[in-house]
Amino acid sequence: MGRNYLLGKYSKHSKTLTLLIIMISIFTVISIFLPGKFLTVRNFQSMFCQIPEFGLLAIAVMLAMLTGGIDLSIVATANLAGIVAALILTKFTFPQIGGYEELFTILLAIASALTISLICGFLNGILVAYVGVPAILATLGTMGLFSGIAIIITKGYGIVGFPEKFLFIGSGTILLMPMPMIIFILCALAAVIILNKTIFGFRIYMLGSNPIAARFSGINNENILVKTYIMSGLFSGLASIIMISRVNSIRPGYGSVYLLQAILVSVLGGVDPSGGSGNIFGLVMAIITLQVLQSGFNILSFSPFSKKVIWGLILILVMVINFYRAKSSQKPIKRLKIN
Amino acid sequence: MVEKLEKLLVVKDINKSYVGVQALDKVNLSINRGEIRCLVGENGSGKSTLIKIISGVVKPDEGEIIINGKKFRNLHAIDSISEGIQVIYQDLSLFPNLSIAENISLNQIIEKKKRLINWKEIRDIAERELCNINKKLDLDERVENISIANKQLVAICRALTQDAKLIIMDEPTTAITKSEINRLFSVILGLKKKGISTLFVSHKLSEVLHISEKVTVIRDGKLVGVYNTEELDYDTLSFYMSGKKIVDTVFNYQEKEKQKEPLLEVKNLSKKSNFQNINFKVRSGEIIGITGILGSGRTELALSLFGLNKPDSGEIYIDGKLVKIKSPRDAIELGLSYLPEDRLNQGLFIKQSIGNNIVITILQRLLNRFKMFDNNKKYETAKEWVKDLNVITPSLETVAQALSGGNQQRVVIAKWLATLPKIFILDCPTVGIDIASKSNIHNIIKELANKGIGIIIISDEIPEIIRNCNRIILLREGRIVKKVNTDEMTEDKLLDILARKSN
Amino acid sequence: MLKNNRSSKIRKLLKKNELYLFLVIIAYSLFITSINSSFLSLENMFDLGKSSAGMGIMAIGVFIVLLSGGIDISFTAIAISGQYIAARVLIASGVDNIIFAFLISCLVGVALGAINGLLISYYKIPTLITTLGTASIFHGALLTIVGTKAINSAQLPDCFKIFGAKDLFILTKPNGVNYGLSIFIIMFIVLALLTWLILKYTMLGRGIYAIGGDINSAVRSGFNVAKNQLFIYCYVGFLAGIAGVLHISLIRYSNPTYLVGTELSVIAAVVLGGTRITGGSGTIIGTIMGVAMVTILNNSLILVGLSSYWHNFFVGLIIIISVCITSYQSKRSIGNIIFR
């Protein structure tokens, strides 16, 4: 009996191991070459501030990919949600309720952002699950729709100036840990629990693995798909709150570079675009790797354009590596002949 | 000299091994012009490897291949094709979005290395071939819109356009009705008259015996023998294929203490173009066999009972109570399980572990106090079932893809038994499974019946029906044509009824 | 199964999506004209044709990619790269010849398209991910090398401006203003015709349909799938190169940040025309009509007074509605419960 039999277990672990090695080596290399600027508290804090909003978007994409689909509208959703929240924070004044207006406004803004993102996710879910539109096209369409609505509302202009208490979400710290990071860790933990410890999560993986067998096994495919895209939307909404509170502004189109990166990080983190495999742990390692690289590029003053080239190259490179990996492990799986 | 020209294909002493597995061991095969041969063997016997070697897709480690008297040191697919060997795979490899004419003619155009398309030529080629097999079809119709039987004929025409001398068909009769099978056979006989040989690969022993002149049996990579079909019968053939004499005990229905209600009762169930006026009962401990040529509505009926094919009218009663089954989940909760026909795509999650495959239907039972998924419970439950059903596997983490057909089917059965069903419908449960596993699964089914579960077996294989069911329902074109007790029936009588009135 | 030929032909026609799209276009145009009478004027039509020819040519490229079962979102990056590089080469070399410009742009387009083709055919990377990556690489590389500085009208060689103004024939309005049928429209029609010929009368073209229908069967039948895929993406690059030159000739300006971001409209047009994203199904006529519809829609929004802010929204809406209709139709025709 050889490795072939335990194909499932081994390949799962070897992928995570490879990722860990990559993450640590890149971290080491950059630390060695840029010790002064990279290994500083300030730099780490800055990384810790950028990881959360991106990380939540990455989780959103990963959830969709687990079901064998994809969600191209995550940034547009986050954008729209953020803009709605921003409008509430800046344009609306509420009647006196004994000094709590600001808190009320903030809570309303957050609730609205989350509600909008939930609705966006719901629309995606309905299109993919009930109408049967392929996910690429459905989310391409909703991406246009949501970003369009954002542009119509703001007429292209940005919105700035949010209440101080709100900015705490984006720039405050609790015990030296930036607030966004706390939120991200909590959300990532929630995702881990949902995916690994709930029936819903189990069903997501099985559905992504084989939707036909899932249906024949009594799984309500439509139900699971809609819920997954709603979750995707929710994570995008959470990302938007962190986004706008971090930079104290929002404009339509903000964050468009995140889409490519989110997909890159999912693929790097071991998510199979055809569905059924991938985990948060791998995703987080890929996120950290990317952030470390990003940080290094910033220190070296790479222009945003050259970074674009690099992200594209890494995405393609990862897929090519996956190709060779799949090829080499393709020895015919010996069928157990015993009855 | 004359004998050499008679032999279209000769392969001698073929050896082929993969990592640690001897797929073929000194195998010989020779086919004469105009011969109709069947190649039979269980899954993993090496028959598909042999076909791949003959068609040049795979190279043997040792051995000779002689086609049309020419020796080939290194047979390429192109050589095989140009010598007239055409393989029609089970999925037919047609283009659903292209017309019938194109599907028939494109291969020849490619072979001629033409760059431009002459639509008249495409139509002419297609018409000529359809004429050759005496069939009229709308040349412009998209292939995705025609029946599977017609698709098969299109595939045969395509094979003929390249001047085929030997047509190899992989499991051709799996998805077509009896009358269509007969048409297929008459086409093959027509080919025989023209000197074109046919090599069937099939596991449907009854059809193998019906159509072929000679049968080549392969077991575990070795040639067992070549036999004249008229000297064979079902049991002898099974014996050659498996090397084991399986004594299948006939099922004896023991009526449980006076039951008040049948477990399942179907009244006047109808669905347009699927089935009409279906009435039957299943009592605790019974095994009902539903058979009929494909197209008879059997699977459609089963899917209706399982919530995947909403009937237009009629009633379903479980335990005497009228029920509405709108989804598989409803069915499962009512105690009805369905083992699907297509094990690999509908029954299994082949890239997932065996453990995951088994527990997928009973997830609610695996929660711990905090309503969280309990991995230990999953492990324990899966382990129990693996032991109960004798699934041979090194670990629960093994992916389903790595198991043999028989073990895979046992995993799917385990998945359904885990739901503790009252009624279990099994659709073609032993298709493509080795003989010993077949018998083993039949025993499992009989034991389940003895425990009180009501079982329905849908099957094509008459011996399977006769030996495992106490009552038989025959369907034709969606209607029940006969309901009998098994003890009033024999294999031959059953075959007769099925064949009667089918043109 | 003998059917009356004529009635079955009519029945087949009625089933085609393209017919309904055509009727929608006619109906919508009449509706808009009732609000703003200048809409259906010949001058406006010529104008629309000229400004949408570039998009139409890119749409042809997207069309054949979708036919083969793939998707390409890097074509705008290829178009702008081809355009900019061609302009720069012309300026630097002093050659003032539009044919030369086309040559450079198409060369760049084919080269970049070939990269896509190789990645997809050899490494079997999913097409969305491939072109997502290459779009980033191509556009990022262009911007890194040339920055964001535009080439303005003064610097632009004259050949572009002359070409941009070239009309096939000129008509005069009563008030003395001239307008004409631009050569752009002719180019679009010619390319559409060429593509139609390739698809219908060459093995390469049938190969594209075959790959989109069932890629495994295509391999088994002897199609050289890798070669076909390489051709497809090179052809898209070629068309993108042409569209790039048309674009620069139209606006007399070359800003490397332009064009990218408009992929959505092009894809919407193709999808509206009835081409399925799953591959194997679609027509040139449908694509042309899809482009026409999107253009008319855009133009009508402006005429009616809705600003360009509504563009994204409508494009997204078009995609969603068209795919809803297509998916609903295919759900009904294939018995999707019984998975045979």
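As written, the chain order gives the labels A, B and C, with residue 1 at the start of each chain.
Definition applied: contacts are C-beta pairs under 8 Å (C-beta built on N, C-alpha and C of every residue); 3 or more make two chains touch, one makes a residue touch a chain.
Quick caveat, the model's predicted, so the values are computed rather than measured.
The touch graph of these protein chains is complete, with an edge between every pair of chains. Simply put, of A-C and B-C, more C-beta pairs touch at A-C.
Of all chains, B has its CA centroid at the greatest distance from the CA centroid of chain A. Distance from the chain B centre to the chain C centre is 46 Å, each centre being the mean of its Cα atoms.
Rounded to a whole number, the gap between the C-alpha centres of chain A and chain C is 32 angstrom. Chain C has residues 339 in contact with two or more other chains. Taken residue by residue, chain A touches two or more other chains at 212, whereas all remaining positions touch fewer. Multi-chain contact residues, meaning those touching two or more other chains, occur in chain B at positions 308, 345-346.
For chain C in complex with chain B, the touching residues are 1, 200-206, 209-210, 212-214, 216-218, 220-223, 279-281, 334, 337-340.
Remark: chain B residues 89, 91, 93-98, 102, 106-107, 109-111, 114-117, 136-138, 144, 148, 175, 299-300, 303, 308-309, 342, 345-346 touch chain C in the complex.
Touching chain A in their complex are the following residues of chain C: 71, 119, 123-126, 128-130, 132-137, 139-141, 143-144, 264, 267-268, 271, 277-278, 307, 309-320, 323-324, 327-328, 330-331, 339.
Chain A meets chain B in the complex at residues 1, 4-9, 193, 196-199, 201-203, 205-206, 209-210, 212-220, 276-277, 331-339. Of all the residues in chain B, the ones that touch chain A in their complex are 18-21, 43-44, 220, 308, 327-329, 331-332, 338, 340, 345-353, 356, 360-361, 363-364, 366-367, 372-373, 392-395, 397-399, 401-404, 406-407, 415, 434, 436-437, 440.
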